[in-house]
Each structure stands twice: as structure tokens, then as C-alpha cells.
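Per-chain numbering from 1; labels A, B, C and D assigned in written order.
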Amino acid sequence: MDTTVINNFKSEEYQINMGPQHPATHGVLRLLLTIDGEIIKRVEPDLGYIHRSIEKMCERDSYQQIVHLTDRMDYLSSHINNEAVCLTVENALQLEIPERVKVIRTIIAELTRIASHTLWWGVMGMDVGALTTYFYGFRDRELINDIFEETCGARLTMNYNIPGGLMFDIHPNFVKRTKEFIDHFKTKLPEYDLLLSNNIIFRKRMEGIGILSKDDAISFGASGPVGRASGYSCDVRKHHSYSAYDRVTFNEILKTEGDTYARYQVRILEMWESLSIIEQLIDNIPEGEFFTKTNTVIKLPEGEYYQKVETARGELGVYIVSTGTKNPYRMKFRSPGFSNLSLLNHIAVGGKIGDLVATMATLDLVIPDIDR
Amino acid sequence: MTNEALQNLTSSWVPELEFTEEKSQFLNITVQPEQLHSLMTQLKSNSETNFDYLFCLTGMDWGAALGVVYHLESTTHRHQIVVKVKTEDRENPTFDTVCNIWYTAEFHEREVFDFFGIKFNNHPNLKRLFLTEDWDGFPLRKDYVDEINMIIK
Amino acid sequence: MSYFSDIYNGVKTLLTGMSVTGKYFLHSRKGAITQQYPDNRATLQMFERFRGEVVMPHDENNEHRCTGCQKCELACPNGSIEIIWDRQIDPETGKKKKMIDQHIYHLGMCTMCSLCIEACPTDAIKWAQNFENSVYDRTYLTRVLNKPGSKLMPGVED
Amino acid sequence: MNITKNIHEWLFSLMPATTASIVEMVLIAVVYLGIFAVAGLYLVLLERKVAAWFQLRLGPNRVGYQGLLQTMADALKLVSKELTGTIKADKFLYNLAPYFVIITALMAISLFPFTQEFQAFDINIGIFFLIAISSIGVIGILLAGWSSNNKFALIGAMRSGVQTISYELSVGLSLLTMVLMTGSLQLSQIVEVQKHGWLIVQGHIPAVIAFMIYMIAGTAETNRAPFDLVEAESELGAGFHTEYSGMKFAYFFLAEFINMFIIASIATTVFFGAYLSPFGITENIPLLGVFWFLIKTLAIIFLMMWFRWTFPRLRIDQLLVLEWKYLLPLNLMNLIIMALMVLLGLTIQF
């Protein structure tokens, strides 16, 4: 280590490596912490341990093939990632998408959101030391994964969307299973509150730490539950509606506190909203085709296309620059996790190590989403 | 604010801007590197434009030129705009940083530096983000060659 | 007095939490959500659309439906599929015709994206539901899908 | 018990008194080591089973009937594992630390009256000795954290020091509240008093409060969740024993469970009448005392496991706030109330 680094911090401070193998970093995120006793003085994320350069790989792939790469970015909202790319390509080609496809995509996207949030809830509990929540979260998530597996053939990396529609029609059991899940989950979701949300220890640990103001949230590009907990209305489903979101009524959950407990509550309440969206749509899936025929080789017209969608973590942007060939000239994914990570240093400084873990858990980071 | 009004307003601040709406769903502004920072400051601080949300910052390699594309949105007016900046200098491309205007640019600019080798003046912590410090070359440039790791179909 | 009511409310929330876990403790016998793998190997049934690995079904005459059109090879994003083909003389018509020699499938590179199966015009390949894909040597992961001596099912190309 | 008396007489008839007493001590030590090992291993299994039942799982059920031999297999694995450590560790202290923890746990266990006669060491300062011994264990943890030359371990060790010193007060004070009623620190005397009703009944409201405070502080003493800041898996990886492996790790691990057993045993002895049966139903069969003692202890251990698998972990400053702002004032107040009650003769006795 060169001397300048050593001289940079005061004598009481020391540096500690959290990660790349650490239980609280949920993957291979490395945080270089500068600590004074237990108090965090500086957090420097070090990324790239799982970088696969998906953007460069996209430049050599056809548009159908790109879709399956996006499964591997934010693997907890893989369907929504697929949808983002497909919407971009469909808008560029000005394809007319059947209503059935839009509704099915929306239902599965909301199921994905619930699956992602239940996993987050389980892991959130584990990060603050309540290990049992993990299993309760996974119990509910498994039911959604079964629905996915029956319809799409895969539990996590589904690749169910293709430009123009869906790869195949929904399974005949899909509607029945989804309704069963809704009934099941409506009895389990209040338990989440009883077990964790109202717990005095949990609330004392979560309230008033990691505060992010609204202005900072916008400036840091925070999106999803992180932004909404700071009172920043950033739901893409409301502001730039896509698929079937314009035909359902749902509330955008907004909190003004901006602390970790607000972020926690936003996600819990969002699960209720997702349930209501699914309930509105599940009985009204229109009959019809499940895809619009496209050419085998898709060539986008020359130009630039941008599409944003709301994943479970926030706003995912897909930016395609096309020169008219069968591959994109430049493909950029604006991932929500990347922006949400960049504000970690801002909100974690001054807290304790335990606060950092709780704060990081409510940012809900998925490392492949950050690294791409 | 409509695209036309935006065009009229911004061209009154900085005279030599190029505007285009072709082949894109947004109004595209191309700005000279020297005027980038002043234009961005105006776009953010002016109450009529108020672009307070930088939702995407993309490094670009157009073959001859290197550049950065900024996607901006206003959370109050809900209008969007795209600002592009280019340079022909492939050896030492440099722009002014915008991370004192939007905090999120700090990480995004580091990503662009990492993959395109574009430097940003006055950036507080400009170093490699994903790749190791001793990585040779800038992988997302079009002329990057790596015979071992890149599989060309 | 808020000092004591704080303690009271705090203890109450703790007891509520304990009642939730306690309820599951009492129902633990029938409520286990885990699976006893690999004990249940014999009865474990995957969904019909489950993507285990790509296989090429053959009928009882050792005939398959692959014409060697290479659409799956083109559709594959990872290069998991390689088709070795040549032009052979069809014994029936006497004309030279494209025929597959080997349809090679690298399971180790496959990401189960299902694009090859969507691309296949003759439904020659499909998903198998087995998932026990671990082997001791990765060369075993390279598989030849068409059985030796197999030939094209008549009537597929029409 | 007659068996012990017979062995005692037989030994003294066989050899001179000094040799006989040494042999007797060794025998007792071996018996207690056996109890220690079995209790430790089966508490681990119990914890895993209970955790599984809370978490909708089945728990270990492969090795032996319903997994009864699982922890034996684990212990065997740990014994046969290579011992690794860091190069820059302070070797002497690093190797010494696990023994501190395990020996103090072993010493404490010798005091408990499992039945009227099955008690190895009945000194007149019993409770005092227990509190003193159980706080020596923290030295082992501090040494382990400091000597392994790892920052995570050091943070864990420092937290452990803070935590034990604070909660030692509450454990001591809540036991002192009960001692007011017995008038003796000797464990056999404490049990004797409870023949007129368990102390938690005799002392009613203040005794229940003392018991609750003791359970909270006792859980903190053993460094178990929700007070497991010393290990704090999601914050410090493994805390003070990050750099330990194999048998040395097993010592820490076993000691944690033995400490839990000790805390529960103290509660049983002081609050629930040790080996005494409820309402004196089996007083004429003294051997059943072991059964009652273990039943009560296991019930309290189960309560501690229930805490662990339900609650999130506290933060270090909240841990101290809980002790110094809530438990300690309540405890002192409780002590005064109890003293007044004893003075005015308001205790319930049958």
C-alpha cells in the first residue's frame, strides 16, 4: 500500500473490507469502509466482481437473443427486464401488440414484483438478525415460482417475452393458481407486519437512520421504493404508463420520512397494490393471439430508442442506438440498482455498522443488476 | 414545456446549439464541450426548464467521435430532453463533469471513464469502477480488441 | 408515565411476534415447506414446460425430424448448438441433399433460453424435464442429439 | 444417593485417604465432563430441531433416528479437521482463549443441585461464585478477538466486553432480589427455602419482574440473539471466532450452549425450585428430582430459543440503552420493593 493512502485518514480510523464475500452484501459487492470505532466515516463501493459486459455482448447479438441476456441482470425481476427490451423493440418497429399480451405481461410483472419483495423481506429480516423471516418469505415466493415454472418453464431466468409478444401462451392452470396464490398471500401478508414491522426492536433499529431527503433522492437518481420513501413521485407505471397499467387503478405509495423504515413500509404496501392490480386483471384476460408475427431477423430502423419500465427495484431504462442493422449499435441499460448504490455513502456515513447493514438491505441491491 | 419552446429557450442561452428531433422520441441538443457545463447548469437551475433528474448517462463511440449522451427529465414539468456532447479526440477525450449538478453523475461518469476512457474535469474521484486499475484499453470502444475473451460470431 | 407505557407496548409487540412463530411451531409437523431431496427422486415430477435440457426425440424406427436447416444454430445466443452436415445422395430420389451428420449440443454453455426450440420449423428438438445434469467431467456435457445410424423421418420436409 | 455413598466408602477402604480423595475428584470430574459433552451436543441438536420447527423445516433427520446422531457426526468432523489460523496471530493467547471459555463453563456446572445429593460442590457463596465464574468467560472471548489479528474479530470482542460488563449488573441484581427472600447464597439453602413454595410464587409480582429481567440479561450474557452482537453474522461474519476452525471453534460453539444451560439452570434453581416437583407430588422419590430439574431447565432453554428465532438483533447503542436506562433502574426499584415486602412479611408461603 502506498503511503498516501495511509496518510489519508486520522489515527483513530481504520479501514475494513466488507465483502466481496460477506453475508450482508448479498453477492459480490465489496465495500471499503473507513470506520472510527463503530461509526462509519466513509463507504466506498468497489464493483465489477460479476461484470459480464452485457452491453458489449448485446452489440453482437440479435434482438431476440438480447432478451435472454437481460434475465441475468436483475434476476429477481427478470420478466420486467425482458419486457423492457421487448417494448423498446416493439415501439421502434411500431408493432401493434395484442391486448392479451399486454395483460399477461402486466400480471406476470406484478407477480415478479411480489416475488422480489417477498425475497427482499426475508433477507431484510435476516440482515437485522431475525432469521426466521427468510423462510416465511421464501415460502410465499415458491408459490409464485411454481406459477412461473408451469407457464414459462423456468423459475428465475424466464425469458418468456419475445419482441412481438410472448413465447407461448399461458398455461391453462395459470389463472387458477394465481387466484389461489392471492388468497394465500392475503392471509400471510398481515403476518409480515405482526412478526417484523411492528416489532419494537426492529422499529428502533430502522427508524431515523439512513435518511435521504427528496432533493437528494432526485439528484442521486434514486428510483423505485427508495425514491418513493423520500416523497419523490417516481413510479414509471404512473408517469410513463406502459403495457396494461393504464387500465388498472392503483396507488403510488409515497412516504415522506426517507429513512430505512419508510423504505421498508413502501415495499410492504407495494405488495398490497400489486395484489390489487393482479386481482383487477386476472379475470379479464382478453382472448386472442399471444404474439404478433415479426421477421425472423429483426432490423430496427436507424435511430435512437429509449424505454423505461418499473422493475421491483426502480426505474430500468433501455437505450438502443440502431444503425439499421440486425444488431444494435449501442445498447445501454440504466439499471436502478446502480443509481441506488451510488447514494449509499451519502446516507450511511455517521451510522454504525449495524445501521449500514440495515440501510443496505432497504436499498435492495442486486449485484448483477449493478455490474451488468 | 413543448419541444419547440425548449428549443427556443435553450438557444437563447447558448447560441451555437444543434437541435434535432429526427429518429428519436426526444428533442436532441448537441453542444460543444466548452459550453456543456454552463448549459447543464442553466437547464437544471432555470425554473422554466428545471431538469432536476438525470435518468441516463451514456458513453458513446460513434466511430470517428467519442461522446456522452445525457437524458434529462424534469420532475415538476415532466418534460424530457437529450443532450449530446462529442469530441473527435480519441487519444485524450475530456469533458467537464456534471456531478456537481446531479450527484448521480459521479458513478455514471466513472462507468463511462472505465469503458470509454473519457475523462471528466473536476470529477472528485475519477478512477476505474468495474475494471482493475491496470486494465489495458477501454472495452466498450468499437476498436477494442481482445482475442481471448471476446467471442465474435 | 410514557416510560412505562413504552415498556408495555414494546413487550406487547415482542409477544405478538412470538405468537406468530409459536403458531408455526405448533403446526410444524404438517407445515414443512422443504422437500426431502434426493429421497423423493422417484416421485419428483417437473412441470411439462420445464426446461431441463434439449433433446431430439426419435421414433421406434430410429428416425428423427431434423432436416439440418441450422436455424437453431443461428438462433442460439451462446453457440451451444453445432450442426455438422454434408450433402449426401438420397437413396430414394437419387438427388444430393443436405443431411445432418451430428447435431452437437453443449449443455455446459446452454442458458435454457428456448430460442432454438422456438426457431425449429420441424419440431425436431424439444425440452426434456430431467434436471439431474451434474457429471464428473465436463466433456460429458457435450452431447450428440441424433442417435447413431438414425435418419430423417420421411415426410418431414414436405 | 446410595450409589455415590457406596463408591465413596469403597474407595476410602481401598487406599489411603489422600489418594482416595484424589481418585474421587477425578471420577467426579469425568462424570461431569460426560454430562457436559452430552448436554452440549444434544442442546445443539435441540436448537437445530427447534429452529427448523419454527421455520417450517424438518431439521436434521438423516444421521441416526430422526437425526439423533447428527451432532455426534458434526463433532467428529470438527475433531478431525485441520486447525488453521492467521500468520500474525498472537499464537499463545490465540490457543489459550478457547480453554478460558470452556473451563469457566465447566466450573459453573459443578454447582447445580440436580437432586438433593447430586451436587458436586455446595459452597456457601454459591450464587456469588456462579456470577463470578460466568463473567470470566468473557476474557476468553476478548482474548480470542484480540489475538486472532482480524478486525471483524476485534470489533466482536470489544462488543462482547461492553455487553457482558453491562448485563452482569442486571443478572446479579435480579438474583440478589431473590436472595433477599432466602437469606442465603448457598444453592442447597435456596432450594430448602423453596419447599414452602417456589420463589417465583413466594415473591409474586417482584419475583416475576426479576425473572423477566433475568431472562433478558441472561440471554445477553450468553451472547445469543437478539443480543448476538458478538457474532452478528450479517455484520461481522462470525465475530470473535472468525479465525478459529476445527476443535477450537467447537469449544466456543459448545461453550455457548453450555452457557445457555447454565443460565437456565440458575433460573431453575433460584426461581423454580430446582429439583422440587410441582405441589410436592413426587417428593418421596428423590431420584425424580433430576427429571424435574431437566424439565424446568429445558422449558427455559426453549424460551431462549424462541427469542432467538423470532427477534431481530439490537444495535450496540440500543443494547446499552436497554441496560442502563430500562433494566437497571427497574431492577433497583424492584430490589427495594422486594426488600420492603420481605420486611413487612408480604411474601406468600405455604
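The definition used in the following text is that a contact is a pair of C-beta atoms (placed from the backbone, for glycine too) under 8 Å apart; a residue touches a chain by one contact, two chains touch by 3 or more.
Owing to the predicted nature of the structure, the values given are computational and were not obtained by experimental measurement.
S.K.: Considering only chains that satisfy the touch condition with subunit A, which of them also satisfy it with subunit C?
M.R.: Chains that touch both subunit A and subunit C, as defined above, are D.
S.K.: Considering only mean CA positions as chain centres, point out the chain farthest from subunit B.
M.R.: In terms of C-alpha centroids, the chain at the greatest distance from subunit B is D.
S.K.: Can you compute the centre-to-centre distance for subunit B and subunit C, using the mean CA position of each chain? Integer Å is fine.
M.R.: Chain centres of subunit B and subunit C, defined by C-alpha means, are spaced 42 Å apart.
S.K.: Compute the distance, rounded to whole Å, between the mean C-alpha positions of subunit B and subunit D.
M.R.: Those two chain centres are 63 Å apart.
S.K.: Would you kindly tell me how far, in whole Å, the mean C-alpha position of subunit B lies from that of subunit A?
M.R.: So the centroids are 25 Å from each other.
S.K.: Where in subunit B do residues touch at least two different other chains?
M.R.: Expected reply: 153.
S.K.: Spell out, as numbers or ranges, the residues of subunit C touching 2 or more other chains.
M.R.: 14, 17, 20-21, 33
S.K.: Out of subunit D, which residues touch more than one other chain, so two or more?
M.R.: 54-57, 309-311
S.K.: If every chain is a node and each touching pair gets an edge, what shape is that graph: line, ring, star, complete or other?
M.R.: other
S.K.: Report the complete set of touching chain pairs.
M.R.: Every touching chain pair, ordered by label, is A-B, A-C, A-D, C-D.
S.K.: For the complex, which residues does subunit A have touching subunit B?
M.R.: Subunit A residues touching subunit B: 47-48, 51, 53, 55-56, 60-61, 216, 218-221, 232-234, 239, 301-306, 308, 315, 317, 319, 321, 330, 332, 334, 338-339, 341-343, 346, 371.
S.K.: For the complex, give me every residue of subunit B touching subunit A.
M.R.: It is residues 22-26, 28, 52-56, 58, 60-61, 69, 71, 75, 78, 82, 102-104, 106-108, 111, 129-132, 139-140, 150, 152-153 of subunit B that touch subunit A.
S.K.: What does subunit D use to touch subunit C in their complex?
M.R.: 50, 52-58, 306-307, 309-311, 326
S.K.: Sort out for me which residues of subunit C touch subunit D in the complex.
M.R.: Residue positions touching the partner: 7, 14, 17-18, 20-22, 24-25, 28, 31-34, 36.
S.K.: Using the touch definition up top, name the residues of subunit A that touch subunit C in the complex.
M.R.: 61, 64-65, 68-69, 71-72, 132, 135, 138-139, 142, 146, 149-154, 157, 159, 162, 167-168, 171, 191, 194-196, 198-201, 296
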